[in-house]
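One chain, subunit A, links the two complexes that follow: it is found with subunit B in the first and with subunit C in the second.
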Partner chain A sequence: MTATPARVERVHVRPADLLTSWARRNLWMLGLLALLVFLLALTKFIQPTYGAIALQGLGTSVLPLALAAVAQAIVVISGGIDLSIGSMMALTSVVAATAMDGQSEQFGVLVVAGVLFLGLVLGAINGGLVVATGVPDIVVTLAMSFVWAGSALLVRERPGGGASTWLGNLVVGPLGIDWVPKAVVVLIVIVAVIWIPISRSRFGLSTYAIGSSRLAAFRSGVPVGRTKVLAYALTGLFAALAGLSLTASTSIGSPVPGPYTLESVAAVVLGGVSLAGGRGGVFGPMVAVVILQLIGTDLTFLNVDPNIAFVAQGVILIAVLMSARVVEVWRTRA
Partner chain B sequence: MTLTATDLLLEATGVSKTYGAVIALRSASLAVRPGEVHALMGANGAGKSTLVKILTGAVHPDSGRIVVRGRERMVHSPGEARRSGLVSVYQEPALIPDLDIRSNLRLTDTPVEPFRHWLHELGLEDIDLSSLARGMPLASLRIIDLARALAIEPDVLMLDEMTAALPANLTERVLAVVASQKGGDRSIIFISHRLIEIAAVCDRATVLREGETVGIVDVTKGSEDRIVELMLGEMVASTPAVAERTAAATRARDARPRLTARGLASGTKLHDVSFDLYPGEVLGVVSLEGQGQDELFDILAGAVRPSGGELQVDGAPASFHHPADAIRAGLVYVAADRAEALLMQRSVRENIALPSSTPPQRWGPIDLRRERIVVDTAVARLQIDARAGGEVRRLSGGNQQKVTIARWVAGGVRTMLCFDPTRGIDIRTKQQIYVLLRDLAEAGASVLLYTSELKEVQLVCDRAIVIFGGRVVAQIAGADADEPSLLRAAYNLRADAVLPEDIAAAAAAEGAAPGAASPAAAARTEPGA
Partner chain C sequence: MTVEARADRPGRTVAARNLFRDRPVIPLTVLLAVLVAVIELADPGIVNPNWVSVVVRQTVPLAILAGCQVLTMLTGGIDLSVGAVASMAGFVSATLVNGWGLPAAIAVPLAVAALAGLITGIGVGLFRVHPLIMTLGISFVVLGLSNVWQLQMVQTGAGVAPALRTLGSATLFDLVPLSFLVFVPVMLLIILSLRRTGYGRLLYAIGDNPVAARLSGAKSWQVLIVLYTISALLAGIAGLLLSGLTNTASVALADSSLLPSVAAAVIGGTSIMGGRGGYGGAIVGALILTVLSALLTVLGLPEASRQVVFGAIIVAVAAAYTRVTDQA
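Up next, the complex of A and B:
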């Protein structure tokens, strides 16, 4: 082949263009943030006493679901779905609470490391089964959700156990000034430390690739099966983090899975991740979790009947997604 | 000049591959010298794609050895093939739609600067590397895919129908770049249906037929005929009934056409197809792969709406929004891929009864007694072996195809659109299908038959239209439709230097002439009557 010239002309791009193209690519994220700010303002308007303490409470209460949403986002980006996240959270939570019960603070650190490893293994088993059997993700993870939930009950029949003090302190209260909930900082640090390097790595790229087009990824030389197992393992890791955050905020472990699995799917969809795979990130779902929580809070403040509030939350979710779809269609036509 | 094996860059010998009962490759061999552009030729289904997929690790061969630069290689995945220096550019661009171009390059470890250089050489410069692959035009994607492959400097680069979806100016640049690779240390395997391109850039050609390598030709002026000859193999004697049929078709021609298409167009593949289908006739459609025939049948079956042109059924304008509309207008579709048409886990009975028992937009209970009569008649008429009838997927391919035809025959067919109905089925069933199609025509139905087996045209069709580059380029009477003339027409070989764009101009000029029954077709051959 002919030699390649050393220099190729660079195209100069104006910063303003870069900004607009960035905004266009992250339109969904910007919209979510705007919605979040609007909801915070609305909450303050409805309940003038809503302040720093309430914000701290919000941070602590959204942490498990936010981590579950990150877990779900990763596997959905890779083109799969994990219906066992809630059960994995329950299992890791009871294992942590049982192991830490009455033990020293130092031993608690060991337990946390062990539980995170357990999460990786649980996820890898899910992914390995999906790849090895070829059975659809939704079926395998639904079945495994029973396995993990049953295992959680074997570890501990009813809620109980304990948590190291430092773990609880990690997610409750403010950091420095009153207006910064510690849980939110912890969430952002965890996700930034784990997800950002991975998303920039070859594995992260491959995850988006297999979710976007399996065939094209395969032809581009991506090891499709291995990438899928790793994506599931990472989902397991974040499910374990979510389970730990449950133990941390309640100081006990409960073997009964919460409503986290389906709520994580809702957050992922609202967070701009395509259920078909390949599109979106993990920060959108995190913001979406806070939005969903705030909608619930506002409906409570407005004294709406809890049953009607439940219906309203569903309707709002569908309305937001539909309007986004309409905007998208309108933009491609224009 | 003879070369020993060690001088070869790539050597594949005795490569075979079967899918169930279907033999895709019997014993293919391919030897590529360093620095040459080597054409891989073969009619539809000869095994070209399978061979390329094996060389790039996408498919595992049943037997055979592959030697690259004197070392035997066993490639298990495209990633491994890439590391061994074997890279392919497929017909469908292998770019991840949701990643930007830069990430796509990173995914395959492609250096950016050489990539830009090749983009420049290929005449595509204003590409923003941070734009998503989704939403880019197909032609740009194919060029990007090619530039990406060139940038990693593979030992053997395989180009599968590289020029198929490209406009003329880009085609020229691609051919120039391919030609510039000659004489170096690396080689290109070039697959194209356009013999003109083969003649322009290739040094040698390996010809496959029915899964076997049947010849290696040095490409020089006039070697096209030799290549076509090799692709065809032995000629098949024509059936005596042809003359009779042509006469019958002429009589039928006095009637009003059942189906009239004028200037049908769709997307980038189908540009201008016009024809008339008369009652009592079997009209063949002949073309190479990917010339727009899939799109044509999708339109006629109501699965896709055309972007241009018009359709008439029994003289009245028709527009289909859904296959149910086409079925109501009497246009029923038989696909090559049985999985597309059948409910594989359901019984023969249910599959046959599906369209007749559940006519579109009629609810209410199914008349089971009527259904049984209808189904039994159809099963008997098509001689379906329904012993394993509990689940259609257990039937042989031939019997499955009979079920897809039977469901329409059961409902009383008026116009049947058959897309390669005999693909991959045994010879006995094929013959039964031929007889059935003729019977249907004798009874007054119309049949449009696309076939990749050219000898079927003479066996079954009254006349045939030939499509090339999304346009009708020839119309041939059944009696004259022997394989050489069909293949020549399919490769658009009559006028030597005609490129698709020229045909476009010619067809447009003729299309403007008023009153012609089949404007685009008139130029090349006289109609059968």
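Up next, the complex of A and C:
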């Protein structure tokens, strides 16, 4: 820093400039939100009866994947990737459903706390193995996905179990007025309470730092290994939340991992998180999940084969990334 | 490997390390032999020519899919679309054989697979989309289109071509699986291209140091487009064999082989970071996974514990590799 305070004072920053620079930094997020609003309007246009009830259903159905996307976003920001999220969700979901089956509502609270702790431990094991062995993240978490899915099968061979009533009520229906789906509020509260303080803490900064440049972070005195393990543990915590939301919305636990792992990777990338690490946030991926779900809904309303929705998801994923690349090349040439 | 051992016999440890790093096939074959010995101990008499034939038959599709992973991983990529592409090939073939005949039932799926690979290659090579994401997106597209095709084909019905069933599950002289005869040329082609051709060298070069490769005049986008087309073609062949082996035509046939194919390549000593590895190790890796699975079945472990052990072994082997190759 060569600038003296006197020089700094003379630089006038106009509010408009601040706004444009903020908009430029959050271009991707703004684009996603615009797309979301457009899709909501489009849905209402295609299906005039689309209203509060449908919105509540949307909230409940996106909750597991949205939480899985947050989980994936955190580990990707730290420069890793977790291919065991779907399996961790299955494991935490069956543990919750098995423990809560036929028990009192109060006991359910204890189970939820226990399952969240379990998620932290599972994630910490993933991260610990990555750090201790030095094996690439993708290989370790791929192998651990077998371990966690197998453990889920050990807990419960076929779908079943039960969930406390309050847990189910937490994610189904509206909150106060009809237009506010409870699941969306739950999602925002969870992320706001857990992620926002963490992302602003020293640990949050370290997470971005090791993702951005491991070596630079190490040389700046960031405890790289510890930060990585903590980031994985946090991912495990969100995977457990996603697993709990599965149990809550279905009232059972299924030991078979859903398509959440790969879908979460897709959502994270669409949500503006760089797979190289160090860039992005958790809100983009959450919005991306809702967008993907809405596209599916719209295609169903248009009487299109639901499988085409799956194709559309792949095409959008590819098209968005290709156009991002084209824009990047175009910008550097300009 | 303890610190004392390293201090006492530096020469021997280094030699062992170099062996592990440069010729992973040798220690892996030892591991395979140990597994076979254990399975023979667990169930005396199980290991006979017939058993070997069954193991080989089951390994061939996985080994071909592992080839896709080796080739793409050498350039620092990965191919997550092999499961969807292989399933698609097997399924499309089964729907076509009754109406269009066998040649079309083999050529069309492979052509579709190659097209999917070409698109992947263009995305990875020209548009520089991360291979993980590009192949993931393509797998969504292929799976979705396969499902659409399935709905179209509900009326006509589908059955695996008898020729493919023979190819996938029959044996020559009751001993050599026919699919192995398909596998040998594929294997030789991959190994020889990697070792002896300029294209093989380019794959290693791009994975090892993309910048150096570019400065040396390698056109990496061309290499990548060809690479992902080859990978999808291999996946298509594996899918045809797999549908013949299991005699099922399903759009989810090979999905469960995706992660094991990556695991086989990793166990076989191919680095996911690119530039290091080979196909020989991956073949032994695929054999190890198949034998391990058989062993766990013989030991009477339920599917659940089998998965846990499976995962634990992959981590252990990968950790051993990293330890050996990083410190050497």
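Note that the second predicted complex is superposed on the first by the 317 of 334 C-alpha atoms of A that agree within 3 Å, B and C clash if a C-alpha of one lies under 4 Å from a C-alpha of the other, contacts with A are read in each partner's own complex, and residues count from 1 in each chain.
Here is the rule we use: a residue touches a chain if its C-beta (ideal position, glycine included) is under 8 Å from a C-beta of that chain, and two chains touch if they have at least 3 such contacts.
From a predicted model like this one, the values you see are computed outputs, not experimental measurements.
Applying the stated contact rule after C-alpha superposition, one finds that A:L58 touches neither subunit B nor subunit C.
By the touch criterion defined above, A:M88 lies against neither subunit B nor subunit C after alignment on the C-alpha atoms of chain A. Shared-chain residue A:V265: touches subunit C; no touch with subunit B. By the touch criterion defined above, A:A99 lies against neither subunit B nor subunit C after alignment on the C-alpha atoms of chain A. In the superposition on chain A, contact of A:A149 is made with subunit C only, not with subunit B. The wider contact with subunit A, measured as residues touched, comes from C rather than the other of subunit B and subunit C.
Judged by the touch definition given at the top, the superposed model places A:A216 against subunit B, while subunit C stays out of reach. Look at A:V315: by the touch rule set out above, it reaches subunit C but stays clear of subunit B. Of the two partner chains placed by the overlay, only subunit C lies in contact with A:V135; subunit B stays clear of it. The touching residues of subunit B, when paired with subunit A in their complex, are 56, 58, 77-83, 88, 90, 92-99, 103-104, 106-108, 113-114, 116-117, 120, 128, 130, 150-151, 153, 180-181, 184-186.
Of all residues in subunit A, only 1-2, 4-6, 8, 11, 21, 202, 205-206, 208-209, 211-213, 215-223, 274, 278-279 touch subunit B in the complex they form.
Residue ranges of subunit A in contact with subunit C, taken from their complex: 81, 129, 132-136, 138-140, 142-154, 157, 262, 265-266, 269, 275, 305, 307-315, 317-318, 321-322, 325-326. Contact residues of subunit C toward subunit A in the complex are 78, 80, 123, 127-130, 132-134, 136-145, 147-148, 151, 259, 262-263, 266, 271-273, 302-312, 314-315, 318-319, 321-323, 326.
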